[in-house]
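Scrolling down, you'll hit the structures one after another.
In what follows, chain A forms one complex with chain B and a second complex with chain C.
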Partner chain A sequence: MNERRVAYSLMLPALMVLILAVIFPLLFSINVALRKYDLRLPTEEYPFIGLGNFVRAFYDSYFLHSLLITVEFIALGVALQLPLGLGVAVLLSKLSWRRYVIPAIAIPALTPPIVAGYMGIILFHPDGVVNYFLSLLGVSSKIPWYSSPNTALITCVLVDTWQWYPFITLVLLAGILSIPPEYVEAARIDGASEAGIFRHITLPLLKGVIAVALIFRMLEMLRVFDVIYIVTYGGPGTATQVTNFYSYLVGFHYWDLGYASAIGWILVIILSVFVTYYMKAFRVS
Partner chain B sequence: MRLSILVGAVKAVLVAILLFVTLFPIYWMIVTSLEPWELVLVWPPSFLPRELTLEYWTWAWSRFLLPLRNSLIIAGVTTVISVALGFPAAYSFSRFRIGGTTLPFWVLSLRFLPGIVPCVAFYILFRTFGLLDTHLAVITAHLLITLPFSIWMFKVFLDAMPKDLEEAALVDGCTRYQVISKVVLPISLPSIAVVALFSFTWSWNEFMMALILTKSQAYTLPVMIAGFRGAGMIWGGVSAGALLSLVPAVILAVFFQRYLVAGLTMGAIKG
Partner chain C sequence: MKARSSEDENPLRKKMSRRKALSTAGKVAVGVVVAGVVAGVGGYYAGSAAAAPKTIKETVTETKTVTAAATTVRETVTETVTAPGAATTVTAPAKTVTVTKTVAAPGAARPYEGVKLTVLCHTGVQAGPWHAYKEDIKNLFGIDLEVVEAPPEELYSKGLLGIKSKPADYDLVQFNSAWIGDFEPYLLPLDDYVEKADPGWGDVLPGFRLFRNMWAGKIYSWTLDGDTFMFYYRKDLFDHPDEKEEFKKRYGYELGPPKTWDQVRDIAEFFTRKAGDTLAGSKLKKDFFGYADQAKRGRVYYWYFFRWIPYRAAEEGGIPHYFDPDTMKPLINTPASVEALEAMKDILQFSPPGVLGFEWTELFTAAMSDSVVAMWIHWPDEGDRFQDKLKPLPVENPPTPELGFCPIPGVEKDGKLYRYTPIDTCWELGIAKNSENPDAAYAVLYFLMRPDNALERVMAPTAKIPSSNHDPYAYSQFYSPRWRAEKPWVGPFLDAELEALKSPYPLLRIPGGFEYLDALDLAVSECLSGAKDAKTALDDAAKKWDEITDKLGRDRQKEFYHKMWMVPLVF
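Moving on, here comes the complex of A and B:
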């Protein structure tokens, strides 16, 4: 029996669909990015303009602003989700009955992001529950969370954190549980404190897993869309207009598909450069 | 002894806070869907509904039936295609060592592709062929993610599977196809369930492509929910619809705990 032929026959159907659903759209979107593909134009022809759309982005203050917002979103998100995710992972690793807790905290990460955002709208309403809890803690004024430019971004970050800290927790928990117990036992016999064990054994061994969990989160946050769409729609003003959302507005509100596509590919370039340096820095494979 | 009781108590309190913060939003949606609208925003809020009504559930049921059906069809067909094509391809990658180390890289980079890139391409393509607002359009777009995901996840599972049985069957004169259908497939059923459910949930949850490729016929649950954004949001009814859309998440979280890490990281970490 010709094994090679079997190998290819098994792959062929998947390969055909991949060409249709992955490779062709990607190549086509590069083609669109290099044209003046503006659906508002009366013509049916979309002239080739080379890197025109890419150059335009560098002079587009909305685009540059959106990059800034995206970086802010990622920085705030990491600052909240990493400590929270790590803390909960350590806590769960010390519970013998954690298997009853894990399903509950995994639900957010599997929830449709649109629904997470919708919950955010209800909870962060000026007369909503979050402000009520804050009033119990002594905050007397009602914070207009997502309707004020000062707090809208952090509201979106909080929704994202509710949804995705469990991701970091689950990944780091798997990492902690894979540390051979002998290491910890040996340190304990030598008289190390719990804090010392965490700092000098657990944390260094977790470095690689933390790096992987973080890059997953950062890349996901770089393309955040759903939460922004439903909670603030980029507003108030442009306060939460992250780049992926801005590209949506350009493409599907102003119908400049060429420019929208170019913005998408600029994000891809930023992402690739970032991943390359990140992997070098943490020596992640 | 006393110290260990104290430590235990602290852990229990921390877990209680954690569960509260994590589950309260979902509980609050249940309350919102059952309480008359005028009472939901009365200050201070009451944590048990003051009055119960099923009005919003009946409201939601009539309106969410179409997107529910669309979501089931789109996620269902996407899943069947991803598994049916992904499994043999993964077997091929795993046993014949085709694809090497670049495959996982490509699978992961597709997941992180900014949504606008495939959206623009698919929008123009389906517009040209008059296929906007059809199930087919959304299914094709979702395969961009779920098919590579399924191939890669199955490869991870198949790589970890012992090959002795297959070799024995081959020696006994089975063909490769028989080996797959009679030996590999039966012992792969659990992993097929995992990949199928993760693909289903991914497609079920996906918003951006479904938003752009549909209009008034093929829109899915997330698109429907997002459509209520702004002043016209009827909280009780949307909450009821949103709760419907949580079903796959709950099933995965409760019954597939062992595979959560592998599924959420697309097999990058085996858990």
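Moving on, here comes the complex of A and C:
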């Protein structure tokens, strides 16, 4: 047997697993998205409707609204998590005993999202810890964090931030620690301030790492489900109905699997375009 | 020369390498298996050929009851039973046993010996009875029952696809009665079976029988869990003389369990007080609230329906419709519907902060554990558990905690009170039309629904069934002397439930039920959160209902809607 054949035969098992576990479900979901695949219809064969489900999405005000909520969720999440994660990473990089702190910081990221959701309910309950501390600061009214349409989304973002800022911290900390110390020392000798060093050395060298950390977080936030399901169930009204949650309702409450699949694929397309441009913009390869 | 230690001399204490130990253990195990096989084979031949039959020394009379499904004929037969340990080839009877049986067909003790059935049921405690009765079912019928559990969100798809396949993956299926429109083509109508062997069809309360088990005039399922919504109030507060006097002075009528939603509003307003105020003759330690709903998005539509049904009934002068039965035009945005939603929003001003985030746990906790709510509507859980769950009022000298219960209030118009109890679309048991063993499946259904076993299920926790989460649905359960004797506090609650169930009203059970209800849920949530006014929210919901109807086929939906109401409306 020549080398090429050996190589192929060794690859075959992995290839089979890939086809069965990844390729087949993807193709099947495309097939479902192109059909009127609604379990409530009394039919054995679900009719092929081409791009009907995709077109329908752009006339569905709830879907379009859910896209907007998703964008808001991601924007708020990034705005909170990046500065917090970066700040903590810089702080940890200065500590010689950080090895004892890092495991504690990583705990939220190890918590299952469903547990984080329930913790969010406990923390942000009108009689919960957050309102208690606010009352110590003189805020007398009990803020209905997750049950008011004005604060529900930010509450979910806060829960997500609590859980996931450690991820950004750890990734950025690794980036900071990999910066050659000679650069920093040279800058200090030249009389650069700490702020200057951060601005002109640390931050530019971290650009690639930040881009990677953010892309991971944005992709995760785009798929947010558990926290929304537990804390608000998309409400009040549609205040926290993100696209992923909406597709869950369509697929597993309304049993309109064709449309739910189409929504999933629309997200994939949006994501692919976004990631491609994002990578180009940040020159991450 | 190395001296031998005592360990070396004693083989039991001799040290071994791990490898040797494993090897020895393996040899021992193989030896045991071989010895067992040899002994077993030898015993078999010895038993069949060589072993002498046991001598009959006495005739034992033993009575046992065997129940099968098809009939309830009781007969006495004499059975020949071989002696213990003797093989089946022994012809001489070792013991004569007199057996009292209830049999399907004469002589059929285990009529479905070797039959294997599969049931799909709700995971967790709801599956408890299936596991508890599995062995009994095997003993009585010879049926091997495989219990497949699924979480509620998977029961629909798993159940529907399972009973659609040929032969059906599941012979018996637990499903929500709201799904009947989708499940009907694949479910076995039970009328003929019930006619031949009735586990107590007339025993099931009309609300459940007509609005959950029947569809298009036929029996498609049997109620497993009879959830009933009840109105709860703090009796310790309502009975307090100071409060009674003050209430009458302010509102001009006696304080008592409310009969109308207007009264609920009055009482809610009356009891909403700040920490430091006086309540039940004592100083309040926390803020106290008159009324609370389970108003979180997802299931808030139920709490809207508690108002919508009587408001619409008063508008129509009788039992209201969800749709115009001729055109399928939604009737959820009529003037009375809008009024009902506005009333709902208005009363929530007397609710705890964050009530829009209240799901089951939050409402239960606020009302029962924190005791900061005077009135609320919930499933029967509070009524079943108040004995050990209801905490005293949050005042300095609280009276003994007492829970009051009554039917959900209604609306009074022209001297007539319109008051209904919505029959929750809850858990049912049906048989797959494509089952290979429908008779055996019915035997199992019959066994589970038999009054004695059904009582055991709804009474759980009992010695037989540790938990089930099944609520009562049959007269024999509500009037059960056993239940009332074993749990005396349950009696008044069962009476209140019976009273409430005198005026049942069905929840929507046509295909797309969840999508219709979710659209309404969203509208209610949008209105309560202030995103839309009641009229706009309900108009949007009605538009969405029209879209769903068109998507699923207006004529088809109309046919299903008619089927839903194809019941004698006499209670």
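The rule we apply is simple: the second predicted complex is superposed on the first by the 273 of 285 C-alpha atoms of A that agree within 3 Å, B and C clash if a C-alpha of one lies under 4 Å from a C-alpha of the other, contacts with A are read in each partner's own complex, and residues count from 1 in each chain.
In this section, a contact is a pair of C-beta atoms (placed from the backbone, for glycine too) under 8 Å apart; a residue touches a chain by one contact, two chains touch by 3 or more.
A quick note: this is a predicted structure, and the numbers were derived from the prediction, not measured.
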| item | value |
| --- | --- |
| Touching partner for A:F252 - first (chain B), second (chain C), both, neither | both |
| Which superposed partner A:I168 touches (first chain B, second chain C, both, neither) | neither |
| Touching partner for A:G234 - first (chain B), second (chain C), both, neither | second |
| Which superposed partner A:H125 touches (first chain B, second chain C, both, neither) | both |
| Which of chain B and chain C A:L214 touches, first, second, both or neither | neither |
| Chain B versus chain C as contact partner of A:D226, first or second or both or neither | first |
| First, second, both or neither for A:V157, with chain B first and chain C second | neither |
| First, second, both or neither for A:R40, with chain B first and chain C second | second |
| Most chain A residues touched (candidates chain B, chain C) | B |
| Doubly contacted chain A residues - partners chain C and chain B | 121, 125, 233, 252 |
| Touching residues on chain A, where the partner in the complex is chain C | 38-42, 121, 125-126, 142, 144-149, 232-239, 249, 252-256 |
| In the complex, chain C residues that touch chain A | 153, 156-157, 160-161, 181-182, 185, 295-298, 352-359, 511-512, 514-515, 518, 522, 525-526, 528-532, 551-552, 556 |
| Contacting residues of chain A [partner chain B, same complex] | 1, 3-4, 6-8, 10-11, 13-15, 17-18, 20-22, 24-26, 28-29, 32, 37, 88, 91, 94-95, 99, 101-116, 118-119, 121-123, 125, 127-129, 132, 135, 162, 166-167, 170-171, 174-175, 209, 212, 216, 219-220, 222-223, 225-226, 229-230, 233, 243-244, 247-248, 251-252, 257, 260-261, 263-265, 267-268, 271 |
| Interface residues, chain B side, partner chain A - complex | 11, 14-15, 18-19, 21-26, 28-29, 32, 41, 43-45, 81, 85-86, 88-89, 91-93, 95-96, 98, 110, 112-125, 140-141, 143-144, 147-148, 151, 175-177, 180, 201, 204-205, 207-208, 211-212, 221-222, 225-226, 229, 233, 235, 238-239, 242, 245-246, 248-250, 252-254, 257, 260-261, 264-265, 268-269, 271 |
